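We call the chains A, B, C, D and E, going by the order they appear; numbering starts again at 1 in every chain.
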Amino acid sequence: MSMLSTVHAEVDKETAVQNILEVEHLTKTYGAGSTAYTALADISFGVRSQELVTVVGPSGAGKTTLLKCIAGLMEPSGGQVLFEGSPVRGVRKGLAVVFQDYARSLYPWFSVARNVALPLAAAKVPRAEREERVSTALEAVGLAAARHKKPYQLSGGMQQRVAIARALAYRPSVLLMDEPFASVDAQTRAELEDLVLKARAEFGITLVFITHDIDEAVYLADRVVVLSPPPARVSETVQVALPMPRDQIATKELPEFGHLRAHVYRAVKNRPDDVAGQATTTATAS
Amino acid sequence: MTTSTIDPHPSTQVMSTDALRAASQTRRRLMRNALWGVGSIALGAVLWQGAVWLGVLPARYFPGVPDLVRAWVELFGDETFWMALGNTLLTTFLGLALAAVFAIPLGILIGRSVYLFHSTQFVLEFFRPIPVVALIPLVVLIMGIGVDAKTFLAALAAFFPLVVQTTYGSRSVDPVALDTAATYGFGPFRRLFGVLLPAASPYIMTGVRISAAVCLLVSVATEIIVGSPGLGQSILIAENSNALDVMYALIAMTGFLGIGLNGLVVAVESRTVRWAREGGAS
Amino acid sequence: MTAARRKGVLLTLEVATPVVLLALWWVLSSGSTSTFNPPLSEIAQRFVQNWFGELFVTYFLPSLGRTLAGYAIAVVIGVVGGTVIGLSYVARRLTGPLVSFLRSIPGAALLAPAVTLLGVGDAMKIAIIAFVCVWPILLNTIDGIDEMAPTQRNTDRIFQVNGMRRLMWSTLPGASPRIFAGLRTSLALALIMLVISEMIASTGGLGYFILQAQTTFDVADMWSGIILLGLLGYALTLAFTFIERRVLRWYFESKGTA
Amino acid sequence: SGSPSSGSSNSAGAGELTSITVGVLPIVDVLPVYVGIQEGIFKKHGLEVTPSVAQGGAALIPSVLQGSVPITFTNTISHMIAYNKGLPVKYLASAVYSESPSGPSSADHPASILATAPDSPITSVKQLAGKTISINALKGIQELAVRNAVDVGGGDSSTVKFLALPLQQAQGALEAGRVDAISINEPFTTAALKAGDQIIAHPFTDFKIPAADYADYTTSTKYADAHPDVVKNFTAAITEASEWARTHEAAARKVLLTYTKLSAQDAQEITLPYYEAQADPASLQELADLALKYKILDKPLDVTSMLGDAAVLQK
Amino acid sequence: MSMLSTVHAEVDKETAVQNILEVEHLTKTYGAGSTAYTALADISFGVRSQELVTVVGPSGAGKTTLLKCIAGLMEPSGGQVLFEGSPVRGVRKGLAVVFQDYARSLYPWFSVARNVALPLAAAKVPRAEREERVSTALEAVGLAAARHKKPYQLSGGMQQRVAIARALAYRPSVLLMDEPFASVDAQTRAELEDLVLKARAEFGITLVFITHDIDEAVYLADRVVVLSPPPARVSETVQVALPMPRDQIATKELPEFGHLRAHVYRAVKNRPDDVAGQATTTATAS
């Protein structure tokens, strides 16, 4: 595997060897011909086992696309994703994804508890343990009381939390999360962040976490991958050397946190073509 | 978290009255459904009687509603009528079940696999337009005139609409739901019963409603042509005896059977497909 | 797999299946002397005799015309009626049992009013075809509209997309995948009814031909008619799919099944 | 249906009865089958007969060939078509004649008529050119009969349009002006005449041999070979039953009520055909020749070979 | 109308008279019988013409429910909503909503531009003006380049921005927004916030804005309504007297901003029964 490490400028030889996930010159073009649209231009980075990598980037950058390629749900147009050294073809076992479109990833015909239990049943977890894991996970996301409800009877944020509970109850070895906390309030969000960190520590999960909240990206991460606007490239990879375990108050008070935050913010903002900025200066609202 | 703070007391305090209220609500809903049903049938009766009165349908050849009612009363006292009814119903149910067992899985598979779709398309589309009546001699030649032949023909006729509806249904499944199933490593069984079938069920249930009527019609038609016992045979006898009121009374009975059958499917549907109406389907 | 290669594979599959089946039939029936199972070679010969001549014009085309006319009427009534019923709770409840009743009426009952009202000509047959084809379209339209996503319904209401606009821009497109399922189901029913409607009051037509061959135990002729019917079914489906792919492009693409 | 009448007690032991299903149509022509059952005539010949009611020959011949219905009633033209196609069908016995071979019956009206509406200007088959006649099925016995009636009546059947319409629908279509003439038989004849229809021909008796032998009982050669006794017993029983039906008309009319939905009045008023189990080769040959002439058969048929060893009428 | 003002503790008599929207003892119970669930227990507040009221509250509190009742999309179980003094029955003209479920509120069969233009066409805006408003709105949300795409070809955040563009192009007199910026990155979010403020100023829009971001709630608001956990009540209404126009840097630097922020945060957090806190301390992650 060491022969591959030469292609990663940012990752030194030593860590490359331990990479469980390896994204190599990934490109993705949607459509073909005149309507072709290149979402990912050239993405390379690695994720070590049990590492938590957050991915930030402007809206429409290609984060979801990237995540789907890593999950094996989408075939890249070029480059490849290696998992434990072998190229990803289709979906692997032990992987969980929290989709950005959480509402559509829940099964509206099943109750909340059943939604969470389904992957466990598929993985042949014994009934008693399944039952217990479902209850624990639902309690952890604050939805113990909603277990018998159907998804359409829940608020947006609650649905999102069901999706999170499902992923956590599954205890995947690799967990991909796509803006998982977009629809929950600040307090709940902080709690869920800590829940994710705790689960990672407890079960040794490798995490790729997409967010558009820079505080969150820094708070959670071992490393932050910053994507450029589309066609996306990795504009920077930021090592986050904040002490573990993280703490919502203490960690965020650290001066390094502030620096990292500012650094990532600038990295995201440093767009070659600042379309949004233009828009607000030239456009009258509607 | 926040949602666990639901105060349980308000609901537990009024539990008993709640249960009572729920029961009376169910009763009221049943009443309402019955009222609508009666209204609908009354509408049909008025339209028919109106057409007969106005002479759009000459009274000599189209019995009015009172004549029909009289014929029904007579039929209800006739044991052979009930046996015929039972025979027709049996064929219909067996045929529908047989069709469903083959059509639904096939439809799901065809809808999800382009390869299977293209390899079956010609065969399916070729056989689909062949009317069951054209096959009756062949089927009789092979299977005789028993219940099995009748059931086979009914199932065959019901099979195709159900395949088409299921195919469309399985194509309507949300890709995110499928991606979810893929990432969590659902096996074929769970994928089918946990995701594809429920997601496609709005289409499938419509298909079952279509096929149930087709099944009933074909049962009656084969009874007429082949002469297996059933409502169709009774209709045939009445027709050949120039007994108009009995014939129309029997035909109306098949219509009522159709209503019952549809009601049955809808009752199942309202349990299984509620999610679609309440906010799941997109 | 590249798009072009994929297309090639699919086309091959589509062509190969019937070819293999036909070959099997040819071989298995080649020595047959049974009246009910004539050799395919004989059927093929009859097919050419029957349909590469005058009968094509005098029997096949009028049948096709009636079928398409009946289908077209069913489409209009099914979609319009289904929309009206689907949009109104009262209409839905009031017509529900009536529709189930009518759907389950055996042909024997249809015939008498049809003959009385429309005579014994094409109009009657077209009406019977339409009567049978209308139900799948109607049911699918009603159910499609009934199951419209609440957020979509709310969006219509909020932005005052009302009346015809709501119908054309929101309601019907939203129900269109369903409606197409109904159209597809009915297309085959129309062809079935092509034959059934020619069981009575007919002096010609493809269905008449098939039924006549059947009652005179002319099995090779019967199969030659059935094969024409099957080919017609396949051809109509291809045309249907062609249209559907265009109209529902947004749907198939958004479902990833384009 | 009713139980066997107690009068026929000289039957074979109940244990030796052979059960067979006999295909029938729900019409007056099959009366002897029901007579045979109810009068215990089949029992007497060791048979336990269950009638199976169908719409027409299309399903009956295949079910005979398949074996689930060993013996069936069928119209002779259907039998001839099947026989001519080489299907292994065997003629057992005649079923009915359109009238008595010994001369017209004394009935009030014919059983089968070609009729026009009461006020129709068409009063003769000569006026039918370009007109539409409804018959119950094309390319069958009725088309043959009507064509022949038109031609022998001085008209030209090749200028007439035929339309298949269920008999029950015919009168309505006639009154609504949808067709110009209708070919019907009982019980619709009685109803039509009550409605004042004009008779312009009698298709089923307008043959050279007026007593047309137009229906029969058929089995498959396979069944006949395997069960010669059953076939023999059936023939004997149906012969006896036919005679009974001829000679006990009032009682036979009551039997009608057990297997049809005829009104009691209709059952009294309709004209019954002549029930006869012996075949008339001359009449059959005339039908076969006409069938060939009208392209209902595609090749000539020698009736004697078709009849085989079936009993024929001794004139 | 002044007779009604007595029921509003927080709103003085004078302002009540000018209230364009009046929420009075609103209650909402979903379902009936044993599965009945009360989302809104008793909500009362008013919104003056051209006021911007933000609503914050924990996930599942009933914010979306409240918004649907105000919009006339949902019938309350008790109490009422008054618009210009008369009770709301059904949907009114001149109202726009950005749904939380933005993805499903776009018509998948129409292009982005057509989606934005649709309400304008329905309102019989002349074609030329319609065209212009659509272009301006799409540019304002940074989607000028995506106008011919179909919604499913857009990322989550882009879809959300289409929904926002549609609402703004419509130039409603009352605009209800349900977590409209949940799926966009920080930079875009800031721009969109300013876009909303600008549109309000330009077109005199009255706004009810639901968010779970407390910074955003304070930055945008004239007044912040804080909902309690369900069954929801108004736990506090906070007047925001920050100077206008707001500015992303300057306003947020003001000490009052910090105070208000902290105040609202405490108001949200001040839950009678802090189950979530319990959950994270007692539960092991799944």
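Things to note:
Assume a residue touches a chain if its C-beta (ideal position, glycine included) is under 8 Å from a C-beta of that chain, and two chains touch if they have at least 3 such contacts.
To keep track of the chains, here are their UniProt names: A, E = ABC transporter ATP-binding protein; B, C = ABC transporter permease.
Remember, predicted model here, so these are calculated numbers, not experimental data.
Listing every chain that touches subunit B and subunit E alike gives A, C.
Between subunit C and subunit D, the least number of touch steps comes to 1. Set side by side, B-D and B-C show the greater C-beta contact count at B-C. With centres computed from Cα atoms alone, the innermost chain of the structure is B. For this pair, subunit A with subunit E, the centres built from the Cα atoms lie 27 Å apart.
Averaging Cα coordinates per chain places subunit D and subunit E 83 Å apart. Computed centre separation for the pair subunit B/subunit C is 19 angstrom, with centres defined by C-alpha atoms. Averaging C-alpha coordinates per chain places the centre of subunit C 49 Å away from that of subunit E. Shared contact sites, meaning residues of subunit A that touch two or more other chains, fall at 101, 104, 139, 141-142, 158, 161, 170, 185, 188, 191. The multi-chain contact residues of subunit D, meaning those touching 2 or more other chains, are 56, 58, 61-62, 166, 168, 172, 176. For subunit B, the set of residues touching two or more other chains reads 1-4, 6, 58, 61, 137-138, 141, 174, 224, 239, 247, 276, 278-279, 281-282.
Every residue of subunit E that touches subunit A in the complex is listed here, in rising order: 30-31, 37, 56-64, 100-101, 103-104, 133, 136-137, 139-142, 144-145, 153-158, 161, 165, 168-171, 179, 182-189, 191, 194-196, 198-199, 202-203, 212-214, 265, 268-269, 275-277, 279-280, 282-286.
By the touch rule above, subunit C contacts subunit E in their complex via residues 149, 151-152, 154-155, 157-162, 165, 169-170, 173-174, 176, 250-251, 253-254. Residue ranges on subunit C touching subunit D, taken from their complex, read 35-36, 108, 111-112, 115-116, 119-120, 199-203, 208, 212, 214-218. Residues of subunit C that touch subunit B in their complex: 9-11, 13-18, 21, 36, 93-98, 100-109, 112-113, 116-117, 135-136, 139-140, 143, 146-147, 149-151, 177-178, 180-182, 184-185, 188-189, 191-196, 199, 207, 210-211, 214, 222, 226, 229-234, 237, 252, 255-257. Residue ranges of subunit D in contact with subunit C, taken from their complex: 56-58, 61-62, 78, 81-82, 85-87, 132, 134, 137-140, 161-166, 168-169, 172-173, 176, 178-179, 296.
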